[in-house]
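First chain written, first letter: the chains are A, B, C, D, E and F, and each begins at residue 1.
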C-alpha cells in the first residue's frame, strides 16, 4: 500500500513559462525511457520478485521514488504551460514570434489536458506497457535497469542543454544526480548478485551445457570491413571468463535453404502443385486424412 | 547495401509440426526482445554511428546476422504450422484433443498469414518501432544491447523447456550460443569504450559538474523494510569509482507543494477564482493582456 | 443497413483556409473523444443492445447522426487545407511567416492524405478501437456516453476560442448545441433507466449482497491533508441512497505482505532457494511431480 | 512524494493456482478500465488540479489508494500462476486436461514475465496512456471517473462469477466495495461542484450563449423506428433545467453538399481540371502565385 | 448525412452458437482488412475526393454499404456468443470439452463487451486508423482498394472453411459475392480512370521526366538464385508500356559509404574527435558559432 | 542469411542540412508505406512463399534491395540533421527564423536519437507490424505490393516538391525510378501468375461455386446521386470476364432486424426480461442448465 505527501521530492519551479520546452519535457514523463517507464518497470519487478530481502527492498524503494519523479515533471510541465497561447487565432499568427511558439507547441496540452501534462512523449505518442520489462530474473532485469537509467540520463542531459531557465536546470541537476545514483546502484546490485551466487540464469552453467558450444565464441563478419576483427574484444577472454571471442571473416551459412512447407489447400496459398520442400520430418499426413487424425498423428 | 543467400545461417527443421509451439515462438520473432527488435536496433545504431572503424563495423556485422535470425525463426514457424488444423469446425471441437490445439493456436497464423509467421509476439501484439533504441551514444546503447540479449536469451531458455522436438531444440541451442557471443561482445565493447576513453557521455566529468552532488550518493528508503540498507552496495564505493552510495532511512521531501498554476479562462479549467500557487516566478501577465503581449513577455 | 445523402447535416465552410487550425481540428475527428469515437461507441452499443425499443432506437439515432459529424469535420479540414503550403522549400522558410505555418502543420495532411483529413488526433496519433466502450450494460455505458460528450464539448469549446473564422465558429456552435442535446439526453436516459427499474447492474442489489459491506463506505485518507474530510460528501448519505460515506484518516493496511510465490525452476526466476511465502494455500505440488499431475492436482 | 508499506491494502491469496483465471484477471490490471488506468487518471487529474483544497485532496487520496490496487492484483496474478505448466511439451498436450489449460493461458505470463503479471489486458494488449483523461475541468473529469468506476465494477462483477476460489472472491468483494465507494464519491463530488458554483464549464452560461440554440433541443431521428420518440426524455425538461428535448422525425440536412476544394497540383490529387466547389470563401490565390504570397494572403 | 434502417443488408443468423468461431470472426470486423477498415477507407476517400461525379458517387455508395457490413458481422458475433460459458470456473475446466472452448475464447467478449463483438481482430488487437489509406489520388487508392478487397475475400474464404454452420456459411457466401463485386468494380474503375485520362499521378509523364531513367528498368538480383531472371517479366515490355524490365545479376552499389556526419557536442553522441565524413556539402558551421548563426547559415 | 556492403545503393548526400525536411522524410522510413514496410512485407512474403522458383526469387531480390533503401534514407536523415539546433533555448526563440525551425522539428530526432533517424513516420508515430501483409497467396499479395509501391511513389513525388536541395532531389529521383520498376514488376507478375494458371484463390472457380451468385454483380446505390450508374463499369463485362456489373438504385435490405440475443444473467447486460429476438436457432438452453451442459449442447 502507498501513501502520499503533498510536498515534491525536489522543487520544480521554472523562472518563466516556456510552452515549447513543456512539449519537449514530455519525453521525460511519457517517453520510452521516461519516469512512467521506470516507475512501472520497478513496481512490476518488485511485485514479481521471488526473494524477500535486500534486493526486493531496494527495488521497491526506487520504484516508490520514481512515482514522485513523474509528479515533479508533471508539475513542472503545468507550470511551464502557464499563460501559454490558448486563444491564438490565425490573425495572431501574423506575428512571427507568436506563430513560432504556437507552431511548435503540443496542441493536446491545451485542447486535451487544459494546460497540463499528457501521458505521452515529446512527439505525442502515448506511453504504453511494452516499454517496461519485469522478467522475474533479477540479473537480466538489473541490466535492463542500467540501460533505462543510462538512456534517461542521456536524454535529461540533452534537455538540460535546451533551456537556460535556472529553475528548470536546478530540477534537472537533481534528476541527473538521482539517475547517477540509480545507475551506480543497479551496477552494484549486478555485482552483488554474482557475489551472492544468484546470477545463474543469464550466464548459467546449466544453460552452457545446453547451448551449442561450437558457435558461442565467434563473431560472424557479415558486413564489409575488417575493423571489427581488430577490436581487442576479438583477442582476449570474454567478460564471462568462459569463452574466447574470435572473428570469423566472411563465414558460410550452415543451414539448408529457407523454404516453407507445402500449403494446406483450405488456406488458398499459392502453389504449383509440386511437392514442396521444407517440411518437418514427421509432417504431412496423407491428403484426405481427417483433421482430427492429422492432429492426433502430429501428437504421436 | 545488402545481399541474400538462400541458405539459412543454421538449420531450422522441426521433427514434427506443433501449432501451439508455433504461437509461442512468435515471441522470438516479433516480441519486444525478439529478433526483429535486435535487427532494427543494431541497424539504426550502425547507421547513426558517428565514428568509422571497429565499433561501427562490429554493430553492422551483428545487425546483418540478426536479419538472418528473423529468417530462421520465420522458417521454423511456417514448418511448425504444417498441417495445422485450418478447417476444424465446431463439430471437430467435440474431440477434446483437437479442441485443445485449436483453442490455443494463434488464429491469425491461419486466417491472416495462411500458415506462416506474423510480425507479432506470442500474444498477437504487433511489433513496433518503440521497441528499439539508437541514441547515438555507444556506451548507453551497448548497455541496452546487453539488456536486450539477456532478455532474449532468457526467453529462448524458457522456450527451450517448452518443447521436446529435437529439431527445434537444436536451433534454439544455436540461438542460445549466438546470444552468449553477443552478450559477451557488447560487455567487452563497453570495457573497450572505457579503455579507449570514449565513455564520457553516460558517466562524464562534464555532467558530474552539472549534476547536483548533494543527491548523487543517496538511496532513498521510501518503502518499508531496512534490508536494502544492509546490501553491500550501501557500504562501499560505487561502480563508477566516483561516488559512495549510502542509505537514507525515511527521508523527508525537499520541494514545496505539488501545485499547478492558475488556469487560463479560455481553457475552462475548474477554479475557485482565488489566486493559485504554483506559478512560475515570471509568469502571469495581467489578465486582459493580449495573447501576443503575453507570449512576448514570456520571452523577455 | 445505412443510406447516405450528399448534403451535410450542417454547413462546414470556413471563411479562409488555415492550415494550423486544420491540424488542431483533427482532435475532433480522430481524438480519444472525437467524432470517430462517439460514432463507433454508439454503433457498437446499439448492435450489442439486448432490448428492443426506445433505448436501442435512441442509441441508433444518435450513432447515425455521429457518422455525419465525422463527415462535417472531414469536409471542414479539407477546406481549411486549401492552398496550404505543399511546396515550401528551405528557401521559403527564410520568410518567418511562411516558416511558422509550415513548422506547425501536420505534415501527413500533405504527404499522406494529399490535403485532406487523417484518421488521427491533433498530435498525429491514429484513432484506435480501445477508445470506445460498449459493455452491454446500458447504465454503465450511458455514464460513459455522458463523459464522452462532456469531454468532446469541452474540447470543442477550447477549439472555439482558437479561431476567429466565422464559418468555423458557426459549425462549432452547431456542434456545441448537438453535444448539449446528447449530454442532456444520456443524463435523461440514465434517469429513465432507473425509473424503469433497469439499473440493477451498476448499483445492483445482487452485487450489494456480494460486496464487502465493511469497506463500501470509507474514503481512505492516503494523501497528506485533511481537506477531503471536510467535503460535504463525507457527512451525508451517498448518492445511491444506500451508503454513508465517511473519511478514514491515515488508515492501516489490512492485508499481509505483498510477496510472490516460489519460482518454477524452468522459468529461471532469481531465487535464493529458501521456501518462499506468498503461495496459494493449495499450491506447490512436490518438486519432481510431473506437469500433468501438477495441473490435475490444481484442478482437484 | 510517495511512501510504500509492504502490506497489501487487503489480502490477495487464492485458495489454489488457476492459470486460466490469471489470464482473465489481467483485465483488471492493464485493461482500459483496469487499476493502472484509474491510478494514472487520478494522479494526472490531481497534479493538474487548479484549486487547492478538498477536491484536490480527494483526488490524491483515491489516486494513492489505486496504486495499491494494482499491487493487490499483481500479487494475486503471480500467486494464481504458481506451478503453472511452464514446461508442457507437445507430448503432454495429448492429455486433454493439460492441453486445455495450456491452450488458454497467456503465454507471455510465462515467457516474458516468468510467472508474473504483465502490464496488459486479458487479450494481451498493452496498457497505453490514451486510456486516461485529465482535462483540468473537474466536472467533465468526475463524470469520466464515474464512468470508469462503473465499467471497472461491472468487469469485476463479471470476473467474480468466473471463479469459485474463496480467496479470489474475498478480494473481489473488497474491490467491489471500493468501487462502490468511489462511484458514490465521484457522484457526490459532482453534486458538490454544482452546489459550490464550480460547474460552469461543462454546462456553462458562457457556452450557452455561444452554442446554436436552434439545435440544442432536438433528437434527430435518423434510424428507423419511432420508439425513441416515446421515451419520457422527449416530453419533459432536460436534466440541465435549461432545455426541452424533443424528437425530430426524419429531419432533412441543413448543409450544402459535402465536397472538397480543388487540389493543389503539387500533391497529385486526381482532378478533372474543372473548377471545384467546396472552397473556403477566401481561398484560392490565383495559380502561379508564389507560396509565400499564398500563405500571406490567407493570413490577411 | 446518413440514415439507418433496422434491417440488415443480409441475414446474419447462425444455426447454433459457437464461441470459438465468434473469436475468429472478429478478424472480419476489426482486422487490418476487416469491414471497419473498408468502411473508414472508403468514407475518407469519398470525403477527400476532388471531383464531383461518378467516381465520388461510386466511392460513397460502397462506403455506405460497408457500414452495414460491420453491422452484419457485429450481429453475427453477438448471436454466436449466445450462452457462451461466462461462468465457467476452474472446477468446470476439469471437463475437457468445456475447458477447450473456454481456453480458446476471447475473454474480452465476455468481460468487456458482455457477450458482444469488440472493435478488434481475432488476436484481440484493437482496430486503428493506420489501417486505412485515402491519399486524394484515385488511381493509387483504387489499387489499395483492390488489395483490401482481395485480402478480405481471402480471409473470408479461409473462415468459410472453418465452420459448417449453414447460417454462417450463407452470410459468408453473400459477403464473398459482395467482395467479388467490389474487387471487379475497383479494377473496372482503374481502367476507366485511364480511359478518362485521369491516371496521371501514379504513372505520370511529369514524374517520368523527373525520375532517374537509368534505373527505372532494372531488377536488381541481390538474392541468390537466377530464377527471377527467367520470368517472362524480364523479357518483354513492362505493363505501363513505357519501360523494358531487365534483370541485373549481382549488381554493384552506386553510392558512397553509409556514414553519418560529425556529432553535435550538445547531444553527447560518441565520437573520437576525428573529423567525420558523411556531411552535407554545405554543413558544419565552425564550432563556436552561435546557434542562431548556424541556422541562418543553413538557410542561406 | 544476409551480407552487407558499406556502400549505399545510391548516393544520399544533401547539399545542406535541413532539419524541417529531415522530419518530413521520416514518412519514407517509418510511415505506413515507407521503406521499413516494404522491407518487412517482402521478407515475410518470401519466407512464407510455398513455391520455389522465379516468384520466390523475385520477392527475395526486391526484399533485399529494400533493406538498402531504409539505409539510404536513414543516412540522408542523419545528414540533413547535421548542425540542427540542439541547444536553442527560449532566448534564441526570440529570433523568428530560429523559432520557426525549432518549432517544426521532430524533437525526438534530437532528444532520443541524438541527431539521427527514428523508426517512425513524419508525425512521430512508431512503425508497427500491422503495416505489412503476407498472406501466402501471391495474387492477393502482389496486388498489395502494387498498392504499396503506388502510395510510396506518390508520397515520394510529394516530398520531391517540398525541397530544392539537389542532393536530396537526386536520391528521390533514384527512388522514384526504383518504385516505377517495382510497380511494373508486380503488375507483370500478376499477369504471369494468371498465365501460369496460379491465380485461383483470389478469383477462383472454387470460390465462385460457393459465393452467392445473386449478389455478385450488383453495385448497391446507397448514397444519393446517380452518377455512379453512368460509369461505363455498369454497362460492360467485369474485368474478371465472369460477371456483368450493374447498378441497383435505392435497393432494399434483404435481412431481418439487427437484434442481439437475450443476455446471460451472469454478464449483467441490461434487459427487460422479455424474451429477446435475434437468437441462433439452436441456442438458448433452458435457464438453470449447467454451463457444462450448455456447452455440450451447443456442440451437438
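Here, contacts are C-beta pairs under 8 Å (C-beta built on N, C-alpha and C of every residue); 3 or more make two chains touch, one makes a residue touch a chain.
If you want to know which protein each chain is, UniProt gives these names: A, B, C, D, E, F = Mn-containing catalase.
A quick note: this is a predicted structure, and the numbers were derived from the prediction, not measured.
**Student:** I need the common contact partners of chain A and chain E, sorted by label.
**Tutor:** B, C, D, F
**Student:** Hey, what chains does chain B share as contacts with chain F?
**Tutor:** Touches both chain B and chain F: A, C, D, E.
**Student:** Same or different, please, for the chain D to chain E contact, judged on whether over half of the interface numbers appear on both copies.
**Tutor:** Result for this pair: different.
**Student:** I'd like the angle of the rotation relating chain A and chain F after CA superposition, in degrees, nearest 5.
**Tutor:** 120
**Student:** Hey, how far is the Cα centre of chain C from the one of chain F, in Å?
**Tutor:** Taking the mean C-alpha position of each chain, the two centres sit 27 Å apart.
**Student:** Averaging over Cα atoms per chain, report the distance between chain A and chain B in Å.
**Tutor:** Distance between chain centres: 3 Å.
**Student:** Between chain C and chain E, what distance separates the C-alpha centroids? Give it in angstrom.
**Tutor:** Comparing mean C-alpha positions, chain E is 25 Å from chain C.
**Student:** Which positions in chain C are in touch with at least two other chains?
**Tutor:** If we look for residues of chain C contacting two or more partner chains, we find 1-9, 16, 18, 32, 47-48, 52-53, 55, 60, 63-65, 68, 71, 75, 78, 86-88, 90-91, 93-94, 96-97, 99-104, 110, 112, 114-116, 120, 123-126, 128, 130, 135-137, 139, 154-155, 157-158, 161, 201, 222-223, 225, 253, 255, 257-263, 266-269, 298-299.
**Student:** Could you list, by residue number, the parts of chain B that touch chain E in their complex?
**Tutor:** So the residues of chain B touching chain E come out as 1-7, 47-53, 55, 86-91, 93-94, 96, 99-100, 102-104, 106-108, 110-112, 114, 120, 123-126, 135-139, 193, 196, 198, 200-201, 204.
**Student:** Would you tell me which residues of chain B are touching chain C in their complex?
**Tutor:** Interface residues on chain B, with respect to chain C: 154, 157-158, 161, 266-268.
**Student:** Can you list the chain B residues touching chain F in their complex?
**Tutor:** 1-9, 30, 36, 40, 43-44, 47-48, 60, 63-65, 67-68, 70-71, 74-75, 78, 90-91, 93-94, 112-120, 126-130, 132, 134-137, 298-299
**Student:** Report the residues of chain D in contact with chain E in the complex, numbered from low to high.
**Tutor:** Checking each residue of chain D against chain E gives 16, 18, 20-21, 23-24, 27, 31-32, 96-97, 99-105, 121-125, 154-155, 158-159, 161-165, 222-225, 253, 255, 257-263, 267-272, 274, 276-277.
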